[in-house]
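In order of appearance the chains are A, B, C, D, E and F, and numbering begins at 1 in each one.
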Amino acid sequence: MRPSKRKNAQLRNISIEPAILRHSEGSCLIKFGNTHVICSVTYENTIPPFLRGQNQGWITAEYGMLPRSTTTRVKREAVHGKQSGRTQEIQRLIGRTMRCAVDLKVLGERQFIIDCDVINADGGTRTAAITGSYIALHLAISSLIAKKILKTNPLIKQIAAVSAGIYNGHPIVDLDYLEDSNAEVDANFVFTSSGDIIEIQSTAEKEPFSEQQFNEMFKLAKDAVAELFILQNKVLLGL
Amino acid sequence: MRPSKRKNAQLRNISIEPAILRHSEGSCLIKFGNTHVICSVTYENTIPPFLRGQNQGWITAEYGMLPRSTTTRVKREAVHGKQSGRTQEIQRLIGRTMRCAVDLKVLGERQFIIDCDVINADGGTRTAAITGSYIALHLAISSLIAKKILKTNPLIKQIAAVSAGIYNGHPIVDLDYLEDSNAEVDANFVFTSSGDIIEIQSTAEKEPFSEQQFNEMFKLAKDAVAELFILQNKVLLGL
Amino acid sequence: MRPSKRKNAQLRNISIEPAILRHSEGSCLIKFGNTHVICSVTYENTIPPFLRGQNQGWITAEYGMLPRSTTTRVKREAVHGKQSGRTQEIQRLIGRTMRCAVDLKVLGERQFIIDCDVINADGGTRTAAITGSYIALHLAISSLIAKKILKTNPLIKQIAAVSAGIYNGHPIVDLDYLEDSNAEVDANFVFTSSGDIIEIQSTAEKEPFSEQQFNEMFKLAKDAVAELFILQNKVLLGL
Amino acid sequence: MRPSKRKNAQLRNISIEPAILRHSEGSCLIKFGNTHVICSVTYENTIPPFLRGQNQGWITAEYGMLPRSTTTRVKREAVHGKQSGRTQEIQRLIGRTMRCAVDLKVLGERQFIIDCDVINADGGTRTAAITGSYIALHLAISSLIAKKILKTNPLIKQIAAVSAGIYNGHPIVDLDYLEDSNAEVDANFVFTSSGDIIEIQSTAEKEPFSEQQFNEMFKLAKDAVAELFILQNKVLLGL
Amino acid sequence: MRPSKRKNAQLRNISIEPAILRHSEGSCLIKFGNTHVICSVTYENTIPPFLRGQNQGWITAEYGMLPRSTTTRVKREAVHGKQSGRTQEIQRLIGRTMRCAVDLKVLGERQFIIDCDVINADGGTRTAAITGSYIALHLAISSLIAKKILKTNPLIKQIAAVSAGIYNGHPIVDLDYLEDSNAEVDANFVFTSSGDIIEIQSTAEKEPFSEQQFNEMFKLAKDAVAELFILQNKVLLGL
Amino acid sequence: MRPSKRKNAQLRNISIEPAILRHSEGSCLIKFGNTHVICSVTYENTIPPFLRGQNQGWITAEYGMLPRSTTTRVKREAVHGKQSGRTQEIQRLIGRTMRCAVDLKVLGERQFIIDCDVINADGGTRTAAITGSYIALHLAISSLIAKKILKTNPLIKQIAAVSAGIYNGHPIVDLDYLEDSNAEVDANFVFTSSGDIIEIQSTAEKEPFSEQQFNEMFKLAKDAVAELFILQNKVLLGL
């Protein structure tokens, strides 16, 4: 039995509150149980130097945690003077997956900067961040189209993400911190709503895992993101 | 007339939502109009090296802004690799003033770390942060006493802060961003509930100011914090 | 047809030259075609602070590229003042996977530091680094046992890694730079010699990929590492 | 009685030696008793990027201490790799107050950089730095006008600064280190020679202070700067 | 007798393997006994900002050591976040001496970046780096002329370097680590093949040295570099 | 003829003002013409970690320039966030040479930190710094012996330094900035008062130099430091 008492295939309670920031082009507060992340999208009519003249746009992401989003306070990275390897790994993942959601050629020489800031952390912050970033990006693009700043919609894919793992020998989905820190295997899956895969990361934390175990985690994750896509659409439709 | 249509002595709508963070010993989300700050207190049973063996405690503070708390996105300080001079000035102010709220000898060789993170910025973030930090600190201390981690209450002063300024020649209180960026003089006042002063900072932004103008700002600020003390107590009493 | 003219399942020419460094406890120069990496293991009779008193050992890894290992010179990270996100991601991967190769409890309060330095880069540096690090670690442990510095062999798994991808719609293995930079999907697989999985990373670079495509890459990688395990053993046996 | 044996309203011996640096457009060595600061002004025919095209000039300041200006050697900030919060707070104060001394529109797209370097420290370095910077700035502007590099004099205000405090319950002015480190309240005042205020900073170090105490410090400071203005003018007139 | 059993005037076995890097315009692996250094030259059709418009070229150098090139692992400078003073001193020396090998006016507004990376360290890495950099530079220039990227040969001097020292009262040449760490005096000499001097550095490590001792070291070094010039030419002639 | 109109063997006017800093154990302001350097010695009853338990002392040095010590303002290294390669090279030289002045075994587990800060720069700052540091060190040791903090005098050598160069084909001594920046060869010599050599650095800036030219510079430098030793002794004797 999972520490969270959830069934193996059961997501936590998930909520998405759109437009949480007053200045951002698109934002939301997404909650996977006690994991709370503010996702924000900034639109800029510029492009990073390495892309100039290539007639395409860009999406990049930054990730951070409030120092006391965790049980024991983590050092503020701005004080420490650099982002940790974990932070960089996560923000690179978010940026990379979100770039798959848009047609960068259609976007043209413009960029979106996604900020994911964790207010409360209880496992699965990176998958919550990706799921919420899709909402923030959709809201931003809708708003920019409404304001005629964007003429064509560059959004081409709906994206959501969820974690899975092997806990006590059993495959489970959407691990909270207690489950995550005791799991034998930790995996993250990013899917499109058409059932294709954007990213798979699966890591043996204690024990190597079999192909069958991987396939079970994959199945759990794929079913779970189907629920997330429905929830995303409800939020975007104002339901 | 003020851009905000408020009267010269009128505060913005102010609300304080306690216990916003799940892990912090004490926290709140304080709102001065569209300025929203999460204040959090961490208790540690240690002391900075420079205070060891002096039989007293310490309070320190850190301040940050979400990159998109502002109209134009500000660079994430963790990416830039250092805190700006402004950030350091503000967090030094918060730490210094909050140390006046407690008897550090009674606290003993323990420390509180205060984190103030701005979610939305619309002027007056440092005074909102101080006013909210008092709530977070009070909640943390109450909780630690309830858990018998602290035996004696080290809190000795109630503290609140507000900004004032000279706008178009007139003294006004609690400036929003539009007012602040056009004011001739910008001031911050930190008071105790017994009417004494913890800190005064008053700066000519465009024009030097007279002693009389300073006294008018002082009067406005002192009256305004009286309202803040009442509000703080309501929140702490659960009213 | 692949730019490298290789068959889809065909590895590059691979060679491993052991004991390339004069001072290291264990080292090798591993070549996957034109990708050349020096792997080195340092033994230290200490443990990182966060593990003290837990009666277990540790393995950590660092990764670097000579500035002119690449077609266009990359900036020296020591001059730039920090390691890039890519570098940190790779060295975290190497350290994490190599920790699965040993029983950290048996190792006791000691650590291995693995250094992987790329002399020439032509795609697949991280999987070459992992495959070579196993050799360097095995050599180091054998030497430490021979010198009676280690009493018990902590090595419990044989590990190797290889990349795979979808190129022009077809699954291929062990991509060189030209293939990698034009692939639709990029994946890295780390296996044990008993056929279990240590790590899977699979990323849509241009297009999302299907479950079937993933399975084809998985199959190619699993077959390829079987060849790598044979090669590793030949080198270790001095054949 | 003050440790320095001075009367409450009595300044230390103050001297200003102009033109101490051979290359600077304007410089002086200012001494408030044992506090010695070299103030230097550099003129540049450029403007910071954020001000381009706004048809105005700029003044910025940097502050530093020789490592052995203090009783116990302080770490060299260039070795430590960053300026402390205290240093940044002081140099922001110097820059901000000196910008009030000139008409930035008249200055046009040019800037002055003020360097204040403390040779010996005995309390009140920031107020000595401001008082000396006015001299250095005046000398630089006179020289630039003489060389016809500046056509119009942008200097519009004479500025000086002094500290005050509450020591043992009594208001005193121009605190040396011994007084400063034991004072209950520490304040800094920057005035114009026409009696207006540029900046007030007043901080409870140990005990909150009353409005009356603040007013007494204000009075002491205002009287003291009147003496400083006379001294500044003597130096500028070569008397 | 020297620890290395060599005669006082005897160099270690020296070998130079050209074209060790696949992408570099010119490179070699130079070995002075157990000191192994990869030297690489990068050609860039640009010039550092401080030289723009001066109608001349530039040569700069960077130096690094693999963490386990030494008996005890040295910290990776990219992780530490900065290059050590020793590293900077060495790379400044390499760049400065190599600039003497070319006519920067003939080179025109182009630059060479020299990277010297130590694979194994056993004393004399900086002199090996200079001697190898000449080979790498010569190869790069020949290749660029062959490709008609350079029209005129900017190379005007042949350069080589060697160390000398006073060990146990006797002058010796080309010190290995054991000799170097116990020598009373440590010196480095850079010569041109026409017998002129590019750089002399001679340092008392334990005891001041006499003019006569210096002259003896000078003589040893001058004779030794004559051998190095012959070896360099053999390598360049493919003998 | 030299730009300074001096004879080839002629030093600039040199003065040394002792005890310029109020808190330092020993200090002086040394002037070589328009090159002015404050040298300060700090005594600490500790030792760097790498020397613990070796029963010996240490001397280290730090060097800095006031931003406006030069014709064009140089960036403050504390703002830039690191010391330049030149700064590190110079401070390593000062520390290394001053360690030759004392018997580190006699000093015991204590250290001296030497700070050399350039107030005005006109060439030869490093040799002025070394010559002045000897004075500061002598004063510090005398004072510590007088206070019975040191029981035995660890000073064993008198040290002074001077620059030389080849200017317009002629050897000259003690170059000012104008001479230095146009010299073909730049050299620095550190001697003991008994005529032995501590350090030689001689660098071809434009043209390689002959052995004879080097010997002429050596002779000029040796004669010049003889004058410096006399001056040092006069200052130390209070003459």
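As a convention for this text, contacts are C-beta pairs under 8 Å (C-beta built on N, C-alpha and C of every residue); 3 or more make two chains touch, one makes a residue touch a chain.
No experiment lies behind these values; they were computed from the predicted model shown.
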item	value
Shortest walk length in steps over touching chains, chain A through to chain F	3
Touching both chain A and chain D (chains)	B
Farthest chain relative to chain A (centres taken as mean CA coordinates)	F
Centroid spacing, where centroids are CA-atom means, of chain C and chain F in whole angstrom	51
Chain C and chain D: spacing of chain centres that average the CA atoms, whole Å	59
Centroid distance [mean C-alpha coordinates] between chain F and chain D, Å	33
Of all residues in chain F, the ones touching two or more other chains	81-82
Ring walk, chain A to chain B and onward	A, B, D, F, E, C
Chain D - residues contacting chain B, complex	82, 85-86, 88-89, 91-92, 96, 100, 157, 187, 192, 194-204, 208-211, 214, 218
Complex interface listing, chain B residues touching chain A	20-24, 27, 34, 38, 40, 42, 44, 62, 64, 66-71, 73, 76-83, 87, 113, 115, 117, 119-120, 122
